[in-house]
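Structures given as structure tokens follow.
In the two complexes that follow, chain A is the common piece, with chain B as its partner first and chain C second.
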Partner chain A sequence: MTPALLLAQTADIDAWQAFWQYALIGLTNGALIALVALGYTMVYGIIELINFAHGDVFMLGAFLALTLIGAMGLEQAGAVQLWLGIGLLFVVVPLFCAVLNVTIDRAVYKPLRNAPKLAPLVSAIGVSFVLMNVGLLWHGAADKHFPDLVSRQNLLGENAAIEFSYKDLLVIGMTVPIMIALTGFVKGTRLGKAMRATAQDPVAATLMGINADRVIAVTFAIGGALAGAASVIYGLYINTVGYQMGFTNGLYAFTAAVLGGIGNIPGAVLGGLVIGLARSFGSAYVGERWTSALVFVILIAILIFRPNGLLGARTREKV
Partner chain B sequence: MPPLLEISDLRAGYGQIEVLKGISLEVQPGEIVALIGANGAGKTSTLMSISGCLRPRSGSIRLAGQEIHARAPHEIVRLGICHSPEGRKIFPRLTVLENLQMGAFARSDKAGIQQDLDHAFEMFPILKQRTTQAGGTLSGGEQQMLAVARAMMGRPKLLLLDEPSLGLAPLIVLKIFEVVKKLNDEGISILLVEQAARMALKLAHRGYVMETGEITMHGPAANLLADARVQAAYLGG
Partner chain C sequence: MSRLDVEKLTVRFGGLTAVENVDASVASREIYSIIGPNGAGKTTVFNAITGIYEPTTGKIEFGGRDLARPFTWKVGLAAALVGLATGIAAALFAVNVDALWRATIRRNYAGPGATFSPSAAWADVGNYWRGQLALEPIRGGRWAIRTADARRTLAFAPNRAEAEKLRERYQELIAVAHYERKPNHLRSTTYIDGLVLKSRAGKVLDRFDTEEDLQLALARYEGIYRESAARRRNAWLALIAGIIAGAAGTLTVWSRARRTPEVIARAGIARTFQNIRLFRNMTVLDNVLVAMDRQLKGGVVRMALQTPGIRRQERDACSSATKLLDFVGLADRRHVLAKNLPYGDQRRLEIARALATQPQLVLLDEPAAGMNPAESLELNTLIEAIRGRGHTVMLIEHHMSVVMGISDRIAVLEYGRKIAEGTPEAIRANLKVIAAYLGSEEVT
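The block that comes next holds the complex of A and B.
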């Protein structure tokens, strides 16, 4: 074998290694986007509102996590304490975001439930700005370092071709069970079925004895809790947080929800993964600054052929 | 004993428009009462008021003597009024079984729910073959059967049926009316809204005629069937 050919072959292998690495990064980021997208899609499914404040609830969750890490001194903690502390974050932050989300609904959206659709939509944008300013007051205008509590050590070995670290494991190990649990809840439980019924026909659901206000509150609580969990994972994985993170990530998550078919839960997950992969491959093969444009080109291209999103409106309804 | 349902001088509407202009109506325990009238007369609004989905502006609605018109719809279901609404309103992406389970949402007696489920399948065997199919994929007639069966699942004292015959083939309408009769024989009181006036009056004990938000005539169903004005206006002469 000539040296030149050998060289070409190694280059080939490297290219594939890189490809799989980008795919892994894309899937990990996509899973994170999906967690936030679920909150958009579930709320939309129930009350047909794009809750623009959702991304900012996610941001405040990350800020609470940052404050709690400082208060608990987790950066100096031993291994046991560290994992207990991280465990606590995954309880307290989702709880906080759930309560915050339900409170926003009660205070702002509920009085506008029978108003024209634009009224709650504009209010949601307003709430988004209010929460952003709360974030600004809380941790300031500059991006902050989120402590690097989870090891970057490669689980596949020091010299393995592909890097899969504890961080990646954290993202996959948290998001996948959460999504499975959510699917089980929505498919199998009484309340989950009531939720789907309310989303499909609110008047009929009321006539079945379902308390729509309660279903709506539960939906906001679950959406908030998912955003809270996502915000902790995001902080531990990306390690930079800032008051505008809700806007940018919210936009991608909202796009994921639309791409998958707004109101559709598996659709939000699929949309998140598609966008994660598009961003990863886009920045690797096209260029970082084209990533956003690329994501939206994909969105538009898919919506032209499937206006209801990838998984939207699978059943044709008879009248 | 007070009537099972007693509506007195009920007024209700949407925005500036008043659709119910002081109607009074009652259903005695064990009765089938037909409410007939043209499109837009206010029949559906009457049922929606009873279920709490349309708030009365004045007047009262009583169930067995107890005022219910200020209650939320989900509470009214628990008091024993189940409603098979206009246009059927099947949950399109829930399965047939899940649709029926939703009908029993207000209940917690597992054994009783299972018993009523078997009973519903007995009345509409076609639904049993479709349990895992999405509601939206059923034919119009099957959807109507599902809507009636779903309302039965709440084990009502009073069943409100809104246009169960609408858009269905005559054979299927007969089948559904047969079930309505059976349910009544089992002791369920029924308030039936219908445009198919002749069939409804043949089935009912008493009837009310509604025109532009007012009750213009009422009486035993046989009398209404024989009345020249009713015949001219609703029974095709």
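The block that comes next holds the complex of A and C.
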């Protein structure tokens, strides 16, 4: 029996309340997926590379958070230290992931900038394997428990029909502002303009004095930082991390990016939310084991009717 | 004083010569046109000047200097770091990375009673480097005494304490063998007593039945010593060779990419394109603002925070961009997406975008292409006005009304070679030029 049905029967709540609960879970998970998807979509948007290593940068971020929590002894810390510690995690881990992502770009992708598109793509898969093995060496093969630092207490009251805990608040409260800020940054600042210009025509952009390499590096840094923030949120929300989490979550995030129209920032957010909702409703009303199939059925269905994704620009080949 | 000097420029693509031995010298505030039949290599000259193509041979100087990325300490540091990384990687391979891994990590992780700690692993790196014999737990609780790279097994022991003792003994045997097998060495009595090998302290290390056996054993131990010495020597060589190769390679790659379009654009050369290359999905204003990017200051953090300084800067940039758009006559369309502009306006937007980089030299690649006579007349006025603002203009054009009307000097290219240069009147009367355009039978 699926957990959702179990919940519906035991808690004696009506179907609509259950529906809203699933919607909430879906949106929370979707926001998390969207945060990772942004990294895929930004990098693709600017150099047309599917950075398969992105999911593994996310995984290493979670591992660093886990190590830091152990080193700072946050599990035993008082409330003030706890929140300071979590705040520190949200600074250090994104910074680490940003530096890691830029390093990967400099070391692996940059020398291949003028090579056929397939070369950096295959290299990205190689980097993904390397990072996965670093993770394996770091925290071992078994899944690890990520300390449950944020309270599960229901903010809507102890006996409320819908559960909205501090954890959900953390996810929504972190992801939504980050995504709004990012969209504003890309739309409003001159670096954002430089990014869009480089994405549209790198040669013309460099001829206008734009340092394309630096713009690309900043893109990787932002993507990495988002993955870092997402990894901390993921750890605090899901409470289980393992060296393969980069692959599975990366796959969903990549799907979200494609679904929304790869290269398109609002598209990645929309795609993430769609996939989050599909997984939540899928496991509630169809069955847990069908969720992955459902996600990809939706992906295929959408791509049949909108080959460039939900928000992707329609391009028609001129003949 | 000449603004741009092109000397003996040759560009080849494989066997194909696009431009051969072209000289051009453009004076400050001049309008210099390049004309010629299609495929004469005009755009290639522009591409070489703006750094899209590397000239095969020849020199391009702008205001008397070569436009190359300067060598800074960052480049030196990067070369040094890459060299160091290459050197370390080469040294790791030279000492046999698999054996090193086994000696430092796997041996500490696997086996009964093994405990891994970074300090133990680090100590084992030292042991491996010195070629110290290693102890490895094997099946049945027994221990093996092996060479550092675990390629040879010297003996087995029933327990750890026994193994430690045995290792001590073999270590001394190796030292003795190394001493006794030096070239031109007289057999010492300190270490060899008849058929017995002894330590300096006089402890018996090994006994032999014949002199032959003793010599064989010494040779074997000396072999172990030599192997580890050779490993150390190879590691040093690989480290040094790696550093040199890595740094030299980095510098070579860097020096090949010194004339990049971005550096040249920042030095003050801007251009437009024959087939318009606007940022199609950005507004007219944004297209111009992108080109002003390099004049604005402030890092990512200040941009994200939108500090007052940044905001003022962006407002100023906006107003000067609007002025530029006004200059080319597009100010009222500044919020339209570039791709939705009519063709002639797109050409003018490209010119505005080029001017926004504050260039000294503007290269216009067929700005009148696709324009009707009235529009191309307007273009003449615009190009004159650009010169009036203090820019030098280089022009590729097919419309003779434009070329003859405004050029100070004209160069004619045919099959990649310059066949004539001079004032419009001189070019008009040049027989070679007429031949190139109309075919030589007409003029004999």
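The rule we apply is simple: the second predicted complex is superposed on the first by the 300 of 319 C-alpha atoms of A that agree within 3 Å, B and C clash if a C-alpha of one lies under 4 Å from a C-alpha of the other, contacts with A are read in each partner's own complex, and residues count from 1 in each chain.
Convention: contacts are C-beta pairs under 8 Å (C-beta built on N, C-alpha and C of every residue); 3 or more make two chains touch, one makes a residue touch a chain.
Please read these numbers as outputs of a predicted model, since none were measured by experiment.
Of the two partner chains placed around the shared chain by superposition, chain B and chain C are both touched by A:L207. In the superposition on chain A, no contact is made by A:S151 with either chain B or chain C. In the superposition on chain A, A:N133 makes contact with neither chain B nor chain C.
Applying the stated contact rule after C-alpha superposition, one finds that A:A197 touches each of chain B and chain C. Shared-chain residue A:T189: touches chain C; no touch with chain B.
In the three-chain superposition model, chain A touches both chain B and chain C at residues 190, 193-194, 196-197, 200-201, 203-212. Every residue of chain A that touches chain B in the complex is listed here, in rising order: 190, 193-194, 196-197, 200-201, 203-212, 314-319.
Residues 51, 53, 72-74, 77-78, 82-83, 85, 87, 89-94, 98, 101-103, 105-106, 134, 136-140, 143, 150, 154 of chain B are the ones touching chain A in the complex. Of all residues in chain A, those touching chain C in their complex are 181, 185, 188-191, 193-194, 196-197, 200-201, 203-212, 218, 313.
Listing the residues of chain C that touch chain A in their complex gives 50, 52, 260-262, 265-266, 270-271, 273, 277-282, 286-287, 289-291, 293-294, 296, 300, 303-304, 306, 310, 314, 317, 353-354, 356-357.
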